[in-house]
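Notes follow once the structure below has been shown.
The letters A, B, C, D and E name the chains in turn, as written, and every chain counts its residues from 1.
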Amino acid sequence: MNEIMTKAWYTLISLFVITNYGLLLGGTMARVRAKVQGRIGQPVWQPYIDILKNNFKRTGIYHGVMFYLGPVFRLAGGLGTYLFIPAVYGSLVFSNFSFSGDLLLVMYFIFFGQLGMALGAGQSGHPYSPLGVSRGLAQMTAFEVPFALSVIAIASQYQTLSITEIVAAQQGGILNWVAFTNPLAMVAGMISFLGMSMGNPFSVVIAPQEIPIGPPTEMQSSFLGMLQTNRAIFNGAKLVLFMNLYFGGATNIGVMVIKTFLIYLYTVIVDASFPRFRTDQSIRFFLGIPALIGIAAVVLQML
Amino acid sequence: MKESNMDGLQTTATETEQQLEDMAKEMRLANDGLLEQDKGYFCDVRPHRVEPYKGIMESFANWARSQSLWILGFGTGCGAIELRPLMTSRFDMYRYGIQARPTPRQSCVFIIGGYASVKTLKRIVRSYEQMQGPKFVLGLGSCTVNGGMYWDSYNTINRIDQYIPVDVYIAGCMPRPEALLGGFIKLKQMIREGKCEGMNKYIDDFDWYKANQKQIIHDWNMPDYNW
Amino acid sequence: MVETVKYDPRSKFPPVDANSGKSVYNLLSGKYMKVWQGPQHPGITGNMSLELTVCGDEIIDCKTHVGYLHRGFEKLMERRRYIQCFPLVCRICVPEPDFNEYLFAEGTEELAGIEIPEKARWYRALTLEMARLASFLMWIGGQAAAFGMGTIGQWTVTMRDYVLDLFEELSGGRIYHMYIIPGGVRADLPAGFALRVEQTLAQIWKVLDDVELALMYNAVFKKRAMGLGVITPSIVDEYGITGPNARGSGIQRDIRKDNPYLVYDQLEFSIVTETGGDAYARTWVRLRETRQSIDLIRQMLEIMPTSGPFFQKLPNVLHWKIPGGQTYKKAECTRGEYGFFMVSDGTELPRRIYVRGPSYTHAVTLMEKLAVNVNIADTAGLMVSLHTYPPEIER
Amino acid sequence: MATERQERTIQEVKDSDPVCDGQAGLKFVHVGADQAVAYITRLRDVQGYTHLVFFTAIDYIEDSIFRLTYMVHNYASRQDLGVQVDIPRQGATMESIHHLWPHAATYQRELKEMFGIDFPGSPGVDDSFILEGWTGIPPMRREFDTKLYSEQTYFPRPGRVTHDTAAYMKEKLYPSEAETW
Amino acid sequence: MSLKDIIAPFSVWKRVFEKPYTNKKPIDTRPGAPRYRGFHVNDLDTCIGCGTCEEICQNVAIDMVPVRETRHGDSGLRPKMDYGRCCWCALCVDICPSGSLGMSNEYLWVDGDPEVFRFIPGHDEKSWNDSELGYRRAEGYDLLEGSRVPMPMLSVEESQKSFVEMVQGYSKEQAKAEADRCIACGICVATCPAHMQVPEYIKAIRDDDMVEGLRIVYQANPLPASCGRVCSHACEYVCAMKHKGEAISIRWLKRYIVDQIYLGEYSKILHECEPDNGKKVAIIGSGPGGLSAAYYLRLLGYAVTIYDANEKAGGMLRYGIPEYRLPYDQVEKDIEFIASLGVEFRQNARIGVDVDFLDIYGHNDAVFFSTGLSDPFGLDIAGEDLPGVVSGLDLLADVTHGKTPDIGSSVVVVGGGNVAMDAARTSRRYGAEVTILYRRREADMPADSEEIHEARGEGCEIVVQAIPLRIEKGTDTRLMLYWGKAEMVSDGPGKRPRPVLIEGSEEVIACDTVIPAIGQAADLTFLPQDIASRLVGKRGYVEVDEFHRTPVAKIYAGGDIANPKRDAISAIANGHSAAKGIDIYLGNFQD
């Protein structure tokens, strides 16, 4: 009992840290992106103020129960994803609820948030929302294919579905990372990560120009605040997950910060350099070369 | 309408046209199908007054609001042209916590970019009502103050404050982006001082505003805006 | 009129009416959905709206709605003296006001029988090319941003701002220059202006290099823009398409060459064309024309006269009566043929001034045609690729 | 200058391709309302005026006519030709030319809305184009007074006073009745 | 799609290593360009409140509001800008005739209250009031024409020899071009003693509508043919265009209107008289004042009789102004029209000699007299009674009567007024060498500057700061005029400097004729003593109220005897208001 309580406290701390980290990371990346665009950019702490502001909104509009629950599901998805990923390998505080088979759970939670969002947005009544949702779900299904293939390759490589074990297997030097032991899986995974992080060229879901702005069109006030909080957590969770899967995890906070920062930077670099695909184009893209690479990775493992 | 013809398997052009006309009549107006007394629903629904917090809490909230101004990406008039430099590298409004949002639900600052034609005013009112409070309005350029150079035009209104409450006016035609920035700085200052209660003012004087709006807008149906 | 429409129910596209060429669809079938883009929509240039009927992601019908920016200029000008129209006309097209000023001035001069000094002609041409440059720079940013690449827009709008700085120095206004007045121009070039123009041009040239590399050789951009909104040469005349939209389809037409005005017959340039006819080809045309504008400005600064008057005295403008007559003046703006049709009845007030903006046909008839069968995500890109400015449609 | 312009204005309709006069390349011809569409069709199909530049109307209220102006352009000879047709203001109706150029329908829609000229058969001619919910007389007609309408409909900001220079000086400098007549 | 297409886009990241475009503090570091059309500035002292800015503003953004004291040439109004209307086109700056209006390069004005965006530039405290930079009208660009259409004149050679009218009048094109310069501000109306509607008749010229023009002119001036030539044109001194260069030739444009219409057509154009109301008014003196009163009274239906001492009507117009400035047929034209209305003229009727004043007084319902100043001042020096000393007025009258004056070959004119100039130039036309002596400086001369200019052009020598001392008989010539140099002594600030003889300086001019033209006095001896004593006020003028009624019942007075301006147009104005006064007095007035 006591152990569980301790674990819960640790998880709360871990959550707190990852939330703030996610927010700060978002703020920092906005500045990096601004730099490419030749400007200075918003303050690093701007996401905090935005969330505060949104929660301080006096009114909010509400379109029904599902609309209300949408952001909750989304947050639950984000939290769920994070809770089952060990953020720092070997750390008591940051290992969260990682256990064997958590990889599957995490993949499910990544989906879960999106679905919740889809339900909520669907009820808002705004025509842009279902358009965005259908795009989002279609695209998600597509990038899940290479990701799943990549995960299968890794799972079969290490014969485990526990993230902790996968990280453990990568310890002992750079060359033990999946990135080097199974580069094809890494490539497939990292490409699908681009889709997952919804930066360009796969940002059509929340594109302001093509359809403003997709699922969250009607989300406002504290709903939006919740979404933003979730985005920070979810971002952190994804980064940590991919770090764990392909880049050997982290043994302390410092390493985690550096690695996740670099992984995030990679998406930003791509994001700033490209326009966005249409949904059908991105689906075609994911089901093309990345999926083939994923299949190749799996096949290589099978051999 | 026959069920079997739903996707028009085999039909004559005239029939199709007739159907189309019927359908167009049915589909054109989003408030069609509502009861007669509900037709003005999107216009007449009275918002509720929300009191500000008290004391330091409101001050803190106002500080947060002033530091995170999301403007509605709705270029209502020529003013939109100077928003673009403001959004981009040279003036970089993001530094000041100002961002453009594509949807009224998420925005808190509405920039009335100059003159408003009657057709746009309808959307302005609707967008303004869609925005969540507290919301602020910036009148950009002379046209918003007293009609500007279109003072005698049959299609542009003269004073925007007759239709929605305005917090800050910026003189100029076109005002430079710096003037717009100056407007934002003034707005921030006013928000921090708790002077921007335009939303509650709109609710308090709702009947007056509505009467003014209805004087020039007779048909409140907006197929593009009603949700 | 009774014609049978043959329709394959397996197709996702609705039947096409043989007479109108438009799709016939049943909105109540649940298969289609109405989506409005605009007027409050960041993907729409300016303030207008598109009523789209979509089937899935595919647009099957598009209807342009304009009038959100209607100020009744043509009516207002009927009750203003000629000189009072001068501050009014530049507002007709907000992003590129100088063509209005030029054509209004030119039309008034022709009706009144006034010859302007040589130097004023050069200054006018210089202003027009600078305006083209500014307009194109904003457009490039818009085209990139419509497909989601904000970076390019951030750069080019800044570059446009540098051009606006030059305008501010020259005329005293950033957006509304009100520089070209009937009779000539309002001021001489400031000291050292040519030097600062050259500096700015060099900077823009460099950024254009970067833009070309990052945008035109961009896999995703190519994927999006190629094959989008194809204008075939056959519909160019049918739809009254002019300017870069026509040149993108390989049509060699440019009013600056065909009916040279101002000093264009003394400058060296060639008509830029592409053959693709799609958004990508049009982007290339405009990018090259941006460079062409830079080149033309450089040429002009080199050979334009440095002394002499720049303004021809007018009769007292407070009661300037212009002899009766009518004229049509046109010029090649960034979007195509821009024209002023002016009718004078011999009084102090113009009888009628009609403004022909290229966006009128491009954004309404052409857009409605091209948008059909386009993915809904491409509407913004398609619209920007036609380069339309709503204020000039409704005036 | 003026005479040249007048010559252009009264230029007779000729079967041959009108000769381009100098750089301006602009001419106007007057055609009867009943022959106009046929004439324009021939211009487009035979004489190479393939480009409809614009189509608009001028209100000559004192003569009770609308003067429709079809501006067509010949790319080969670089010639603009304004075909002008007078139609009566009362119950103004004109044949549509949307079958020649699709975008003519847009012009016709605008003319219907702004001048009240009807073009039977033109697609969407009855749909509102620029105005929304407009009930008064079409605004571009000359009898419509935009200033009056604006003053009555919108709310100019009150509190402005101006003085006429001469009247004010009179009031100040020679208010005496003796000097006033 | 090649590999380049995938790699090339990453080139955007080059930008990371360059300086951002962002301006850190745009408001502080980026002032408006030197020519920026920012907020308005106005130099209130230069501004004359003409309202041209209001006129050209298509936005109706400018109100004219009272700020300064109203005086001649300055309405006291100043533009007030409504920045809820302004479009910053700067046409107001371009057209401002006085050049007072400008624009600063300030552009930032933000306020929560929409009512504050109205201000009077230069008057209200604004941070940009002293701004040096900002939009000004550029050199070489001007919406208004500053210089007059030149008036065709006789050449000096011709004019010196003949009495043909020197000013030849505008042609239609010239008149239209000159009328086109007018900005119709109306500042001249207040300054004109008769308050003629100048902008309106100038507009009639622009519209080529002479009929309307004549009608407007006759509303306030029944002697336009004369006034169009010799008016002292106070209007032109305050003309807004004078601030830009040269004033509109208002006088000559008036003349142009009159010249276009034959006398025979007048009756078709102008108002007809009201039916006779049975009342009689006598007018003494047929100068401009008398004629004006007669005209307006006649229009109102009174039976009017003019008594005049001279052979022909016209007073000073005929007898005091030489023909080269005002041909007699033009005076005749004006008078004939008045006579054609039924005004009775009794010429050669000297009051007190031929007719008794009390007789007139008794037989009429009202009497208006404007007998003018007919008594020339003497020089008050020794020798002024010598033969060869003849007053300027007498000389001019003699010429009008057709006598060839006996002036010899050299003439000295003493004085600096218009009479002096006329006398000098008339003498010149009779072949004499003319010297003009004047006590003060040239700038102090009361004569019109163009008169002085033309006199000099015709060869008159002007000696200023010269005080005549005595006249003696000459040897070779008829007379010797001794004069001394004067210096100007100031009596303190605000006072006109006074010429003081420099002791010991004495010079002499040999001449045949000395013409004193240093002013005239009224001659009221025809009036009975008791009436005269009640009429004349402190400063020698007849005392009148605003309707030109004297303290004596039924008697009205006007013209030079009652008004210190002493010019034809004032006399006309006096006659007009007296007519109105008489109408009120006699109870016929209807508003």
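Simple rule for what comes next: a contact is a pair of C-beta atoms (placed from the backbone, for glycine too) under 8 Å apart; a residue touches a chain by one contact, two chains touch by 3 or more.
Keep in mind that what you see is a predicted model, and the values were worked out from it rather than measured.
Student: Looking at the contacts, which chains touch chain A and chain D alike?
Tutor: B, C, E
Student: Along the graph of touching chains, what's the shortest path length in steps from chain D to chain E?
Tutor: The fewest steps needed to get from chain D to chain E is 1.
Student: Relative to chain A, which chain's C-alpha centre is the most remote?
Tutor: E
Student: Of the chains present, which has its C-alpha mean closest to the combined C-alpha mean?
Tutor: Looking at where each chain's C-alpha mean falls, the closest to the middle is C.
Student: For this structure, which two chains share the highest number of contact pairs?
Tutor: B-C
Student: So how far apart, in whole Å, are chain A and chain C when each is placed at the average of its C-alpha atoms?
Tutor: 43
Student: Go ahead and note the Å separation of the Cα centroids belonging to chain B and chain E.
Tutor: Centre-to-centre distance between chain B and chain E: 60 Å.
Student: I'd like the Å distance between the centres of chain C and chain D, where a centre is the mean of that chain's Cα atoms.
Tutor: Roughly 22 Å separates the two chain centres.
Student: What's the distance between the Cα centroids of chain A and chain E, rounded to whole Å?
Tutor: 88
Student: So which stretches of chain B touch two or more other chains?
Tutor: 73, 88-90, 92, 95, 102, 119, 145-147, 149, 151-156, 159, 173, 176
Student: Do you know which chain C residues sit against two or more other chains?
Tutor: Chain C, residues with two or more chain partners: 34, 36, 41-42, 67, 70, 72, 75-76, 79, 87-88, 151, 154-155, 158, 173, 176, 214, 218-221, 223.
Student: Spell out, as numbers or ranges, the residues of chain A touching 2 or more other chains.
Tutor: 34, 36-40, 127-128, 208, 212, 272-274
Student: Let me make sure I understand the interfaces: which chain pairs count as touching?
Tutor: A-B, A-C, A-E, B-C, B-D, B-E, C-D, C-E, D-E
Student: Can you check the complex and tell me which residues of chain C touch chain E?
Tutor: 80-81, 83-88, 151-152, 155, 158, 165, 168-173, 176, 178, 184-188, 190, 210, 213-215, 217-223, 309-311, 313-319
Student: Quick one: in the complex, what on chain A touches chain B?
Tutor: Residues 30, 34, 37-43, 46, 49-50, 52-53, 56-61, 124-128, 208, 212-213, 216-221, 224.
Student: State the interface residues of chain C toward chain B in the complex, per the touch definition above.
Tutor: It comes out as residues 1-7, 9, 14-15, 17-19, 24-29, 31, 34, 36, 38-42, 46-47, 49, 51, 65, 67-72, 75-76, 79, 87-88, 91, 94-95, 138, 141, 153-155, 157-158, 160-161, 164, 173-176, 391.
Student: In the complex of these two chains, what residues of chain B are touching chain D?
Tutor: 118-119, 122, 145-147, 151-159, 162, 212, 215-219
Student: Would you pull the chain D residues touching chain B in the complex into a rising list?
Tutor: 130-133, 135, 139, 144, 146-147, 149-151, 153-157
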